[in-house]
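Both complexes shown next keep chain A, but they swap its partner, so chain B is in the first and chain C is in the second.
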Partner chain A sequence: MTETIELALKTLESQLNQPLETALEACARCGICAEACHYYRAEPKVEHIPAYRSEQLRSVYRYEHDFLSRIFPTWTHAKKLDETTLAKLSEMAYSQCTLCRRCTVNCPLGVDTPLMMRAIRAMATAAGTAPEILVMLADSAIEKGKDPSFFKDMFLDQIRDMEVQMRDIMGDPNTTIPVEKQGAKILYVPLAGAHTILPPAIVFNAAKEDWTLSIFEAANYGVFLADVNRAKQVAKRIVDEANRLGVKEIVIAECGHAYASYRWDVPNWFAGQFDFKVRSLIEVLAEYIRDGKIKVDPTTISAGVTYHDSCNLARNGGLIEEPRYVLSKITTDFREMTPNKAEALCCGGGGGLVALAEYTDRRLAAGKPKADQIKKTGAKIVVAACENCRLQIGDLNEHYQLGVHISALTDLVVRAMRLPKPLPGHEAEHLFEGEKAPVLGD
Partner chain B sequence: MNILLISQLFALAGLLAGVYGIYRRYLETKHRALPADKSPLKGNPMHGVTYAFTVGMMPWAKESTRIHMIAYLRGIGFHVGIFTAIGALLISPFWGFLPQPLALFLVAVLSLGSLFGAAGGVMRIAEHNLRGISLPDDHFAIWLTTLFMAVTALGVQNEAMRVPMYIIAGMTLIYVPLGKIRHCLYFFFSRTFFGKFFGRRAVFPHPEPVK
Partner chain C sequence: MTDTLKLSLDFKGLLCPMPVVKIAQAMKQVQVGESVEAVATDPGVMADIPAWARTSGNEVITLEKREKDIRFVVRRLK
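Right, the complex of A and B next:
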């Protein structure tokens, strides 16, 4: 046995807890999960059936753990793990499954196929066969956490420029984007890029919130690698920052995997050091609108709007009704995709796929069911509250010529706030027919 | 010792072996770590578990079962048949006391179960996708349980069929913990984990709209 295989098997053993063993044992291979998967819907072949995918790991598990399989491997297709099998498993888990859990909710037994795909990802990461770019992105985030002074000055300069822009948009010279403010109530964790800082900053200022901006970004590529050690190190930057500043709450930008990991995983990784609440920006927007902390004009957006449920936010995160509440307050023509909410189709960009250029063709093909869904609504604006989903739907928009505008939820909220000046990209020339200009007094 | 008694003892041995095997599996799985979830609740894990075993099992609760309604109902009928066969086997020494209508009802359920089983067995061979994901274990398990139900249906009516019935029953029960039939144990683990996961996150039962 080579060292690579030994590492992979050791990782499988370390992952083998009750939920994983259950997922490995429970499948009856009824095949009813096939159409639940967007890969299968886009290209109906046996290899795209979730049960087939999980069988690839089961064959290895059975060889190691099943009495009958050890005596008679052909009976259960049990297979000794070798380099070729590991390479195939790795490619499958990183390129043919977005960990969306749609198969799980559609399985009569509730088999957690993504849990098995995560186990494979962890094996591949440990054995060194995971996609390099994901490893690099996770490692660079960890390095960034070790020495923030390396980028902090440049970051602060950018924030000062954004502050000027924000004052212009809001018509208020007193608004600020506080960074590392001691004792603030909220620590807002953005993604890389002004588009995830400026609109939320406007909302926080309009709501007169006691907030501060994190110097780190919420994305966590360790999660995609299913590497808890790396993921913890990436998350630790923000946990430490929150503890240092003494905030009450962390608010995560519109990002599916970041929300799911900080809301549902990080409290387990840092039990005892994690005394703050985690919310998504979406929940905060819903609260501000409900409590009248920000005023929105419900008639601003009259073009057809549809909402894409990110798998990490909705099915895996429980944020299902909150974005719909926000949209109900700022749009007049909201159109649901079918299916939606917990049954929503994955766009094909999750699980880190958007970052893996080598699988672009596969990703675009798997996104066809989502593109068809969007087309069917006839909506002009597609709202997605997850960065990876927005990137994927943007690519689908181009590839399948959907002719839609893709927006973050916060951007539309800011537009409905009808401020003195519009957000970049929301100027009058970008509006759809029949829409009010997003500027106060128009 | 007559052959009927030998076959009955074989079935009893099968039952004991099957129960012991499943119990061993249960202990092995329970022995594995169960990660504690310390994330703050959004929903209620117990409501999720209740949903997973009730409403969530209804044919209309999932897209997959809505579009494969016949296959799903076939599966339900097949499983009802299997559990009926096990129940019937356990009370087989008292079949002589069964009222005729109840005996006929048993035969009907078992016959339907074996028909559904046979249909499933044929589908596994004939249908491209199912064939592609099936293992020899799957084919064997479905035909073995189908045969078990069929001979039990015959055994209820015909004493001459009781020897083959007890032998097939013994074989089936011995096989339960060895092959795919052991998913009968993992069904309970799986739906429980499903319910806890989605219940905690307020995904299932479906949340109320925000007001």
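Right, the complex of A and C next:
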């Protein structure tokens, strides 16, 4: 057995807990999961059936754990793991499953296929066959945590520039973007880049919130690698900052995987060191509007608007009504996609897929059901509260010529606040009439 | 322009993590010792590019904020 295979199998063993073992043992082969999967809907072939994907790991598991399978592998369709099989498993888990869990919620037995895909991802990461770029992105984030001095001054310069921009947009010279403010109530954790800092900063200032930024971002590529060690190192930066600053709450930017990670995983990883409430920015927006902390004009956006439910936020996070409440207060023509909410179709960009250029064709093909859904609504604006979803829908927009404008929820809220000046990228009224449709930032 | 510069790329409008994804791809197209230049508009690159370079065997030679964009040059070290 080679070292690579040994590492992969050792990782599989370390992943085995009751939920995974149950998923590996229980499947009725009914095939209901097929129609639940956006890959299968886009291209109905056996490789795209979640149960088929699960079976690939089950056959390896059987060989390792079932005496009969080890002696007569052909009888039980068991398979000894080798380099070729590991490469195939790895490619499948990283390019043919976005971990959206739609198959799981539609399975009569609740078989958690994404849990099995995560196990394969973990095996591949340990064995060194995971996509290089995801490893690099995770390691870059860890590096930033080890020595923030190499970028902190540049980051603070950017924040000061954004502050000037924000004061101009709001027409208020007293607004601020606090960084590392001791004792603030909220630590807002953005993604890298101004587009997830400036609009929320405007909202926090308008609501007169006691908030602060840290210098670290929310994205966690260790999660996509199913590498708990890396994911914990990335998350630790935020946990340490929250503890150091003494905040009461962490608010995560419009980002599906980051919200899921901080809401569900991080409190377990850092049990005893983590005493914060975790909310998504979309929950905060709903609260501010409901409580009158920010004023929005419900007639601002008259073009048709639809909302894409990020799998991590809606199906797996339960954030279903909050974005709809916000949109009901700032739009006059909201149109649901079908299916939606917990049954929403994945856009095809989750699981780190948008960062994997080698699988772009597959990603675009798998996104066709979502593109069709968007087209059917006739909406001119697609709102998505997840960065990966927005990137994917931006690519679908171009590929399938949807002619829509893609926006974060916060950006539309800021627009509905009727401030003296618009956000960058929102200058032209025609963007909201569907005449032209770039992704914000283009 | 340095004589080791082999590629010039436009990342304007690309949001995180795409500038890092694209530069990582581009570095594979050049030899050790050669460089790639890129221009981006996402300010996140100011932190992300140096962090990525540190962990991926590359060196940031230039990282400059200009009036409307950010220009950086990266050399492949290994």
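One rule holds for everything that comes next: the second predicted complex is superposed on the first by the 424 of 442 C-alpha atoms of A that agree within 3 Å, B and C clash if a C-alpha of one lies under 4 Å from a C-alpha of the other, contacts with A are read in each partner's own complex, and residues count from 1 in each chain.
Following the convention adopted for this analysis, a contact is a pair of C-beta atoms (placed from the backbone, for glycine too) under 8 Å apart; a residue touches a chain by one contact, two chains touch by 3 or more.
Everything quoted here is computed from the prediction, not taken from an experiment.
Asks: Look at the residues of chain A and decide whether chain B or chain C touches more of them.
Replies: Comparing touch counts on chain A for chain B and chain C gives B.
Asks: Of the two partner chains, chain B (first) and chain C (second), which one does A:Gly193 touch, if any: first, second, both, or neither?
Replies: second
Asks: Touching A:Leu68, do we find chain B (first), chain C (second), both, or neither?
Replies: It touches chain B, and chain C stays clear.
Asks: Could you pull out which chain C residues touch chain A in their complex?
Replies: Residue positions touching the partner: 13-18, 20-22, 24-25, 41-48, 50-52, 54-56, 63, 65.
Asks: For a test of understanding, state which residues of chain A touch chain B in their complex under the given definition.
Replies: Per the stated touch rule, the residues are 16-19, 21-23, 25-36, 46, 49, 51-52, 55, 67-68, 74-77, 104-112, 263-265, 267-268, 271, 277, 286, 290, 314-318, 320-322, 324-325, 339, 341-343.
Asks: Which residues of chain B touch chain A in the complex?
Replies: Within the complex, chain B contacts chain A at residues 25, 29-30, 32-40, 42-43, 52, 56-57, 62-65, 67-68, 71-72, 75, 127-130, 132-138, 140, 178-180, 182-183, 185-187, 189-191, 193-195, 197-198, 201-204, 206-211.
Asks: Under the definition above, what is the set of chain A residues touching chain C in their complex?
Replies: Going by the criterion above, the answer is residues 132-133, 136-137, 139-144, 150-151, 154-155, 157-158, 161, 191-195, 215, 217, 219, 221, 355, 357, 387, 391, 438-439, 441-442.
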